[in-house]
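Before anything else, here's the structure in question.
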Amino acid sequence: MTRDIDQVGWTRDEMARRLALDIPDGSYVNLGIGIPELVARFVPEGRMLIYHTENGLLGMGPSPEKGAGDPELINAGKRQVTALPGAAFFHHADSFAMIRGGHIDLCVLGAMQVACNGDLANWSTGEPDAIPAVGGAMDLVAGVKSVYVITQHGTKSGEPKLVERCTYPLTGRGVVNRVYTELAVIDVTPAGFVLVELSPGVDFEHVRERTGAPLRRR
Amino acid sequence: MIDKSVPGPAAAVADIRDGASVMIGGFGEAGSPIELIHALIDQGARGLTVISNNTGSGEVGLAALLKAERVSKIICSFPRTANSTVFPELYRGGKIELELVPQGTLAERIRAGGAGIPAFYTPAAVGTPLAEGKESRLFGGKEYLLEHGLRADFALIKGRRADTHGNVVYHKTARNFGPIMAMAAGVTIVQVNSVVPAGGIDPEVVVSPGIFVDRVVEVAEPAHESELVAAGATYP
Amino acid sequence: MTRDIDQVGWTRDEMARRLALDIPDGSYVNLGIGIPELVARFVPEGRMLIYHTENGLLGMGPSPEKGAGDPELINAGKRQVTALPGAAFFHHADSFAMIRGGHIDLCVLGAMQVACNGDLANWSTGEPDAIPAVGGAMDLVAGVKSVYVITQHGTKSGEPKLVERCTYPLTGRGVVNRVYTELAVIDVTPAGFVLVELSPGVDFEHVRERTGAPLRRR
Amino acid sequence: MIDKSVPGPAAAVADIRDGASVMIGGFGEAGSPIELIHALIDQGARGLTVISNNTGSGEVGLAALLKAERVSKIICSFPRTANSTVFPELYRGGKIELELVPQGTLAERIRAGGAGIPAFYTPAAVGTPLAEGKESRLFGGKEYLLEHGLRADFALIKGRRADTHGNVVYHKTARNFGPIMAMAAGVTIVQVNSVVPAGGIDPEVVVSPGIFVDRVVEVAEPAHESELVAAGATYP
């Protein structure tokens, strides 16, 4: 991938790589659609993660070779995938029992907004004309042990996505544990946003200015 | 002799009346019982309430049923699909009612409906717009919403293989909502690639025991929605 | 079986045979332990019933040949059974989903007392020294579409088992649909006990005298 | 590499501490994980809360654990068995607390505990002594009781075969409480006749997906409780 001229900090791949570093070997992981899916490409050598897709598969593998796919072996984004040795198929109630029951160690999601109290908005702009569609996002954030968000630090128009209070409709209340952006890794704590790590060449002030709520150092 | 097989999709859906509630299996195209849906379009029932995770794509299968304006209400977790124009038009035109339910809550409500559980508490959607108007309650200091079991008059499901007693096994991620919808409907209709005699499925691997299944229909080579959509197919 | 000298009405086998007559072809049936189990022997030719045992089997068959049994293929009474073609194994939550969800057409149970409002007592004498054990009885009577009781008309000491109000702890409230005794078949209706059929040689007065609540003719 | 296999029953149960809650699978002898229970007796933990459908028979397995006075409370649907003298003596002697739960409610409470459902409503036991002290509520004019999800620190379960990822298949009616207890425990330990590499079990027939299972132990030829009891065996 080429780096934009005005790109500051990590690329999307680098964000995904940085996040992947933090996932322990043997974790059960659910990756949201989009940037979160990239994480699977960057799992460090020697670690094995088991991927859950809420439409009924544990042990999901990468996309099939061209032409080798099965239209009925898909992920939550409705793209064709594979099943690795040790996989299991199950129905939707069992799948969400895994989610709601706290059996999944980590889910990685995109975000429209993350508030400093852990509130997440990632399913609807709330516009009256929009077709509302929530899927499994509310179940994931309510049930999975850790919720990591991976997202650009700001919107395309430059508004911060890390905010004091979400203005979009919530996906869940107080659910986000950590945020990975192109600028930094930031924990959501009882004391609000706390910096974990800056991306190379980015300084604290730069991140603080682009964050819509107080950001502390550890 | 118990033999739940029926001669074809048309016979299987013949008694679905106007105003019936119908659960339709599938997550995207995986598990979508296209031939049963097309038979339902041919059959003509109107004013249906459909319970299904999505709203279909293109103008075949579930999307075609919607386009034919047979559905007055849909209970659904994700009615937005890349290739779907049918639902958005109907919805914006006020021609269809939508009850949006988080996917896991939808699955659990269906399972509860089938298991005789009238209501249960779930943490999903607490603090969100989907909690509006719902009872909430604390357990162990954490907030949960009261959700109700969901049943339907009919379920249309796609399996891989069934025996004449109605035992069903599924295919990969096409399993999804099938087993729980089978539990939650008054009449459960399953299309499968093949129907075998009782004894043809190992009792250890049955996914939907026959008690949950009323009719099985052989559709040896079911269409794939994505292929139909790519070919620009419409139904009828 | 020999008939007792003072036996009046049906033998246990005849009671079971009479009950079996009333079960439609293709029914899903759960038979309780004891006399109810006899019913399976008397299903009329040409009908097929599918037996559910709450410990996780649908399509239960008769006891295995001597020595051919499997200690892990048992019924709810913990006796070895067989699985017929078309059988399915499942776990306890699924098994009781069948029961609670109204999927089983009929269960046949024994009784200590049946009241004319349909209350059933069949699990405990309520004696302080007794070991309380309820098993699946409360779930069965609460969930199964029809509940038939098969029992002697009176206790060994001559007390009626069909009563105005149960004095033993209840298994369920208003749950019994029909009672089969050696003397008669009796429906439980909103108007109380209603005679369906007398056993041969038994007259109405005989049954009425031995019934602890009003008994009506149809 | 994920490998959930542990060398033997002793290693599998080594960290069960005094006062722990332990779900123990089985309906009668079918599915009773005798070797794991015996290892737990050897291990010595006391003051346990046990959740199990029965109380064992003779003086082996679960009955032996009770006889050794390691269990202070049992949550159970049917603590009376033909060949059981151990539980009645302890119970009458006030040496064990009993929480009696209807079998279907017990199963559903365990499943709810594993599925993140804190509470649900059930029709079972309405109007009976087991409803005393419980909240009730009408749905559709019918009365239901509020029941709570049940979890435990450990589950001891018997399966037929497992792979190193913890996927498990069962044997006939020995399946019973295994799959739901596996969901509802902090640490789930499964003894199986054989452990195979990942890929050794068809993903379509897995009953307990590995996510619910923490340790698998090979016990190639497990004892049958009825045979031990018939032979007059005791443990230890």
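Just so it is clear, A, B, C and D label the chains in written order, and each chain counts residues from 1 on its own.
Following the convention adopted for this analysis, a contact is a pair of C-beta atoms (placed from the backbone, for glycine too) under 8 Å apart; a residue touches a chain by one contact, two chains touch by 3 or more.
This is a predicted model, so every value here is computed, not measured.
> Among the other chains, which touch chain B and chain C together?
Common neighbours, chain B/chain C: D.
> Where are there more C-beta contacts: A-D or A-B?
Of A-D and A-B, more C-beta pairs in contact link A-B.
> Hey, how far is the Cα centre of chain A from the one of chain D, in Å?
A distance of 36 Å separates the two centres.
> What is the distance, in whole Å, between the centres of chain A and chain B, each centre taken as the mean of its C-alpha atoms?
Using C-alpha averages as centres, the distance is 29 Å.
> Report, in whole Å, the distance between the mean C-alpha point of chain A and the mean C-alpha point of chain C.
So the centroids are 55 Å from each other.
> Can you list the residues of chain B that touch 2 or more other chains?
Those would be 108, 111, 115-117, 122-123, 170, 172, 204.
> Note the residues in chain C that touch 2 or more other chains, in rising order.
In chain C, 57, 83, 89-90, 93, 96, 99-100, 143 touch at least two other chains.
> Kindly provide every pair of chains that touch.
A-B, A-D, B-C, B-D, C-D
> Mind listing the chain D positions that touch chain C in their complex?
Checking each residue of chain D against chain C gives 27-31, 53, 77-82, 87-88, 91-92, 98, 100-105, 107-108, 110-111, 122-130, 170-180, 207, 224-227.
> Considering only the defined contacts, which chain C positions touch chain D in the complex?
By the definition above, chain C touches chain D via 53-57, 70-74, 78, 83, 89-93, 95-96, 99-100, 119, 124, 126, 129, 131-139, 142-143, 169-174.
> Which stretch or stretches of chain B touch chain C in the complex?
So the residues of chain B in touch with chain C come to 1-2, 111, 113-117, 163-165, 167, 183, 197-199, 203-204, 206, 209-212.
> Hey, which residues of chain C end up touching chain B in the complex?
Checking each residue of chain C against chain B gives 26, 28, 48, 50, 52, 57-59, 83-90, 93-94, 96-104, 143.
> Quick one: in the complex, what on chain D touches chain B?
Within the complex, chain D touches chain B at residues 108, 112, 115-123, 139-140, 142, 144, 148, 169-172, 204-205.
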